[in-house]
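There are two complexes below, and they share chain A, which is joined by chain B in the first and by chain C in the second.
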Partner chain A sequence: MRRYVIKRLAQAVGVLWAAYTVSFLVLDFLPGDPVTAMAGAGMDSGQVDPAQLAALRHEYGFDKPVLVQYAEYLGRAVRGDFGDAVSNGRPVTSVIGDALPGTLQLTGAALLLAVVLGGGLAVVATYTSRRWLRQLLLSLPPLGVSVPTFWVGLLLVEAFSFRLHWFPAFGNDGLRGLVLPALTLAVPTGAQVAQVLAKSLLTALDQAYVETARAKGAGRRRVHLRHALRNASLPALTVVGLLVGQLIAGSVVVETVFSRDGLGRVTAAAVTAQDIPLVQGVVVFGALIFVATNLVVDLVYPLLDPRIVVTPDRRASFA
Partner chain B sequence: MSQSVVDGTAGTSGAADAAEAALGLARPVAAGPAPGPGRRADVRRVLRFLVRRPGLLVSVAVLVLVVLAAFRPDLFTSQDPLKGVPTENFRGPGGGHWFGTDELGRDVFSRVVHGAQLSLKATLIAVLVAFVVGGLLGVVAGFVGRWVDDVLMRFVDVLLSIPALFLSLALVTALGYGTVKVAVAVGIASVASFARVARAEVLRVRQAVFVEASRSCGARWYSVLGRHVLPNAAGPVIVLATLDFGSSILAVSALSFLGYGAPPPAPEWGTLISDGRNYLANAWWLTALPGLAIAATVLATNRIARALDGEWSRQR
Partner chain C sequence: MTALPVSRSSRWAPLAALLTTSVLLTACGSGDTGSGGGSRPKSGGTLTFAVGSDSGCVDPQQVGSNDTIYSVRQLVDSLTDQDPRTGKIVPWLAKSWDINSDATRFTFHLRSGVTFSDGSKLTAQVVKDNFDAVPKLGALGTLAEGYLSGVKSTVAVDPLTVKVTFAQPNAQFLQATSTHSLGIESAASVRKTPQQKCSDGIVGSGPFTLKGYVQNQSVTLARRTGYAWGSSLWAKKGEAYLDKLVFKVVPEAGVRAGSLQSGQVDAISSVGKANEAALKGGQVTLARRANPGVVFGLGLNNARPVLKDARVRQAIEAAVDREQIAGTVFPTGTRPAGSVLAHTTPDYTDLSADLATDTAKAKSLLEQAGWKAAGDGVRTKGGKKLSLTVTWFPNAATNQPALELVQQQLKAVGIDVVLRQLPVTQFATTLQAGDFDVVWGNVTRSDPDILRSSFSTRLANFYHLPASSLDTALSQQAATTDTAKRAKLVAEAQRLIVRNAYYVPVVELQTQLGVSTKVHDLDFDSGSRVQLHDTWIG
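Coming up: the complex of A and B.
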């Protein structure tokens, strides 16, 4: 088990390094001179002194060969230094760190809603013996993945803030302000969870062990929830792991719609200002979240499903 | 077109070969009740398939309408999408203006119809970029194998680990604003899934007996690839392209909602909604109805993708 964990950790670090490299290639290699953009963003007037430009280039190391630049930046990134945000001069890591709590609140609530609502939908749809209810419920997830998130958010604001005055339309205040944004963000995620869980539940209900359980006299509900759901939830767990990165990225749109402060708003502002260090920090952070959740899912998997045995590395016995 | 998809998924050999393609066309005729020339029976089969699925029929109709709107917007509306009548601003939806009018008195329906062109263009570019780049990566990885496969697929894994929207935003930061740039950014962000599917298909087909046979007959690698491997691996990749069409519409509209698409007066779908957002309290139609157009288009393409993905080949 320890060997497995170490191996997975090493893989995770490798993916992070590669993600950093990709973001470096995208942001520092493509057309568009970063220094001109930075200087333009940092100063009010459109005119930039060429000497200042050269100084900036030197300061950021853009006058050196690309490989040297890359090595320097990577060396700093390993130590957790992603440079300073151009727009306000603060370190990228602290800008992201300050924006994070609001976004974690939002994505956490959205994840909870997505799992509860999406999972509940799948369970009820596969359990019910009413044909119309099943068809109605199963038609919802394809709808959920087809609607634009920002549109759903605006419709919710329209209905629940402007018409019914139940929830505030904008801002970060408290639990009441969290309801609509979290619900908006949960729609596409919940729909995907529901699709996967419904499919794997239907597969599970066809398995021999379900037949056995029924033959032994277990009730319909017990078979559905204790036997089928437990086995069917594993693929859904994998999907949830994959969707967490999408949730974090989705905060860009949702936080813009609801004017909430958080990582998403910071990202949108950074893209608008062409704040390259900050955008790069966000991209690597997104990859970090993705890698970390998948690591957790992989490590939890053997605990949930005893059939998955982490085989010790063969070479270990020879060493 | 759809015939070749079916042949691809069924894994019949040498679909590109003229003689065998004719065989492939002849098969449903032999099985079905309708005698007659292959093509007519084929059309009949498509029609029967559609009529039995009203949802799919509606989806095809919606998509046809959207494509028509993109190429000939004047078929649907005679009103100017950019010029408005200031005295007629904020009119609700009704007979004169189906989707109402905006703050400058412009007809929203006309703006949605004319916006189809921009949004569809961006979506097509996005899908094409993903299809070509991803397909190429996957085919090279699957066909060449060995270390090339390892290197390319590790690269693809990394692309998958960065959330798609973040990757698109990074590309927009580097490339700048505009419909085409946004489209390329969205396309690159979905390269990874195309590469994976294309590679898996090439690997599957490459091990087939008929590929081995053509190799042993002395066929060059490029003719094996072009005549046998690619035509048979294309099916699932084309299905993925249809599916990606829907998600690309959503991604492109999200980016143009955030303000990275075409500059203001242009009626891109996402931009329309973000404009309408300022008048949410008093003019619901400015956001609700353009969004409905996006949702309907995505829903339609997703339904069609689902039909291509299995229903069609299963009903044989």
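Coming up: the complex of A and C.
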């Protein structure tokens, strides 16, 4: 077990390094640099002094060869220092740290809603004996996956804020301000949870052990919830691990629609401004969360399914 | 430039909106809002104003985006103010000033008894400290730095007299002292680094003080008690009416409009054509003013072989239908260009007769220039097609539809137009490299000297104009303090630019705000930003 964890950690470091390097290369390929971006932000051609820009570029080190820049950035990043954001001069780590609570609230609430609503839908849809209800419920997840989050958000704001005045339309303030954005972000995520769980529930219900359970006299509800659901939740759990990444990405759109402060807004602004240190920091942090979640998911498997044994030489195998 | 709300048709719209709003830079001009009418002004209350973006900085000397200027402008006073109706420069912190005859030396006589909100006094030395620090502001402070470029020295002559000397004549400096960019900050603020000023804010002598700034969320200001040195233009003497100003950052245009309509905010910025209908009929008025400065237009690269021929440039100018573009794409009330300057710029000269659409004239000019009609509708000369690439940047939602109309209009006279979109971050580099046939843009400035910055061959000369008598007119207007003489020279410069079609003016940029009818006297200043000292809620 310990060797397995060490191996996974080494993999995680590899993923982080790759994320860092790829994002650095992509940003380097983009024409322009943060200094011109800042000066050009004015789009006030008359006022830009090339000599001044050159001086600033030198100050930030953007005039050094790419490899030197890469090595310098990487060397500091390893020690947890991502430098200062170009756009406002604040340390990247504190910019991310300030934005994090807002995004954690949002994604945490959205994940909870997604699992409860998506999971509930899957259970009800597979449990019900009314054909029309099953059809109706099973047609919802594809809809939820395909409608743009942006549109869902605007629709919810229009209905529950502008018309009914139940929730504020914007801001980070309190629980009331969290409801609409979390619901918006939960729609595509919950839809995927529902799709995967419903499918694996249906598969599980066809398995021999279900027949055995029934033959032993277990009730329908007990078979569904205790036997099938427990087995069907494994694939859904894998999906949840992947969905964490999606939630972080989705926060870019949702935080913009609902004017919430958070990592998503920081990311969008940093990309627009080509703020290389900040983008790098966000990318590595996002990768870190993703890697950590999936590691946790892998380690939780054996707890859910005693058949799974973690062995040192293979990721996970059925014993 | 000011960003306008982006259409909501795609899921990328919020990103696009962020992009546009995070890069706007502008100034704009004036009009009254609110129904005014019967009730009398009263003190108290909070004004909540939703803006589209946060530039990440709350230092008036460093910000260029309207959405941020609306709030931080209220923190500082300037040496002078500019009357939005007449363009005249009037006293504010300076009660009077003298300028030498060639506009190289400016002496300001400060009013006494002015204090900053940290208790320190306004003195000539503080003004000097401010002006000495401006050139060190870095990339964000390009506006302020530009106003002071070529400064030789700033001297505190006595405690209330400050003298600024320039190497070259610099008539625009007087108007520059009226801008937020040269707003005066306390000595303690000036000593901070530009980054500290951005994130922590500054201490000014203005009618409001900074109470809180939460990045991407809000800027909160409170009334300065004991304020007694307002601009000579303001109606109310002494302190402001409102207790508190809260600026909320709401990036999505539709959410801003709905929040105003449902009473969650009292005023909103950047109302585009798409949101006008939603705001109509409610308890909302739309406040509009054209931005002064160089209008939106086609910046021609006059060094390109095709565009060296004045007849081709004039043909483009005659082929553009400005009324159609202003009416179809831009917010209600937007004016087609009547000159290279917007009508709200001081010394604007109405040249709309020269800018009338005349496709017959355009075709005949092209014929004379040797560009003959060909089978596919695109003219050719010596086997070469008459094709131009227009480079544009997605910093306003109106850019693409406006240019698509230009494309159709030029096609009608036989000019092929290819549209090339580049990221906003490449604007400066594209201009500097001269890597364009035509570039779409505008510049906001409430002083006609913007013509010299944009078109003098003695400065950057991004449009590669040939040296001509235009340079003389532009240099002379910068070197005279005689307003009548300056107006004549500026008129001459506008005529030369329009008749030679060095730049093809198309449409004015208009700032449009949505304001609840319970808000009164929310007025535009000369730069088409807002002045909130006289604003009251009732």
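The rule is short, and it goes like this: the second predicted complex is superposed on the first by the 277 of 319 C-alpha atoms of A that agree within 3 Å, B and C clash if a C-alpha of one lies under 4 Å from a C-alpha of the other, contacts with A are read in each partner's own complex, and residues count from 1 in each chain.
Going forward, a residue touches a chain if its C-beta (ideal position, glycine included) is under 8 Å from a C-beta of that chain, and two chains touch if they have at least 3 such contacts.
What you see is a predicted model; the values in this text were computed from it and never measured.
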{"item": "Chain B versus chain C as contact partner of A:249, first or second or both or neither", "value": "first"}
{"item": "Chain B versus chain C as contact partner of A:26, first or second or both or neither", "value": "first"}
{"item": "Partner chain(s) touched by A:98 [first = chain B, second = chain C, both, neither]", "value": "second"}
{"item": "Touched partner set for A:90, first chain B, second chain C, both or neither", "value": "second"}
{"item": "Chain B versus chain C as contact partner of A:305, first or second or both or neither", "value": "neither"}
{"item": "Partner chain(s) touched by A:158 [first = chain B, second = chain C, both, neither]", "value": "both"}
{"item": "Touched partner set for A:150, first chain B, second chain C, both or neither", "value": "both"}
{"item": "On chain A, positions contacted by chain B and by chain C", "value": "30-32, 148-151, 154, 157-158, 162, 169, 252-253, 256-257, 268, 272, 274"}
{"item": "Contact footprint of chain A on chain C as seen in their complex", "value": "1, 8, 10-11, 13-15, 17-19, 22-23, 25, 50, 55-57, 64-65, 138-140, 142-143, 145-146, 149, 193-196, 198-199, 214-218, 248-252, 254-255, 258-259, 261-262, 264, 393, 395, 423-429, 431-432, 441, 443-444, 450, 453-454, 459-460, 462"}
{"item": "Partner chain B, residues of chain A touching it in the complex", "value": "15, 18-19, 21-23, 26-27, 30-32, 142-143, 145-151, 154-155, 157-158, 162, 169, 245-246, 248-250, 252-253, 256-257, 267-268, 270-272, 274-276, 279-280, 282-283, 286-287, 289-291"}
{"item": "Residues of chain B that touch chain A when the two form their complex", "value": "154-155, 157-159, 161-167, 169-176, 246, 250, 253-254, 257-260, 270, 273-274, 276-277, 280-281, 284, 287-288, 291, 294-295, 298-299, 302-303, 306"}
{"item": "Interface residues, chain A side, partner chain C - complex", "value": "30-32, 35-50, 52-53, 56, 84, 87-90, 98, 148-151, 154, 157-158, 161-163, 165, 168-172, 252-253, 256-259, 261, 265-266, 268-269, 272-274"}
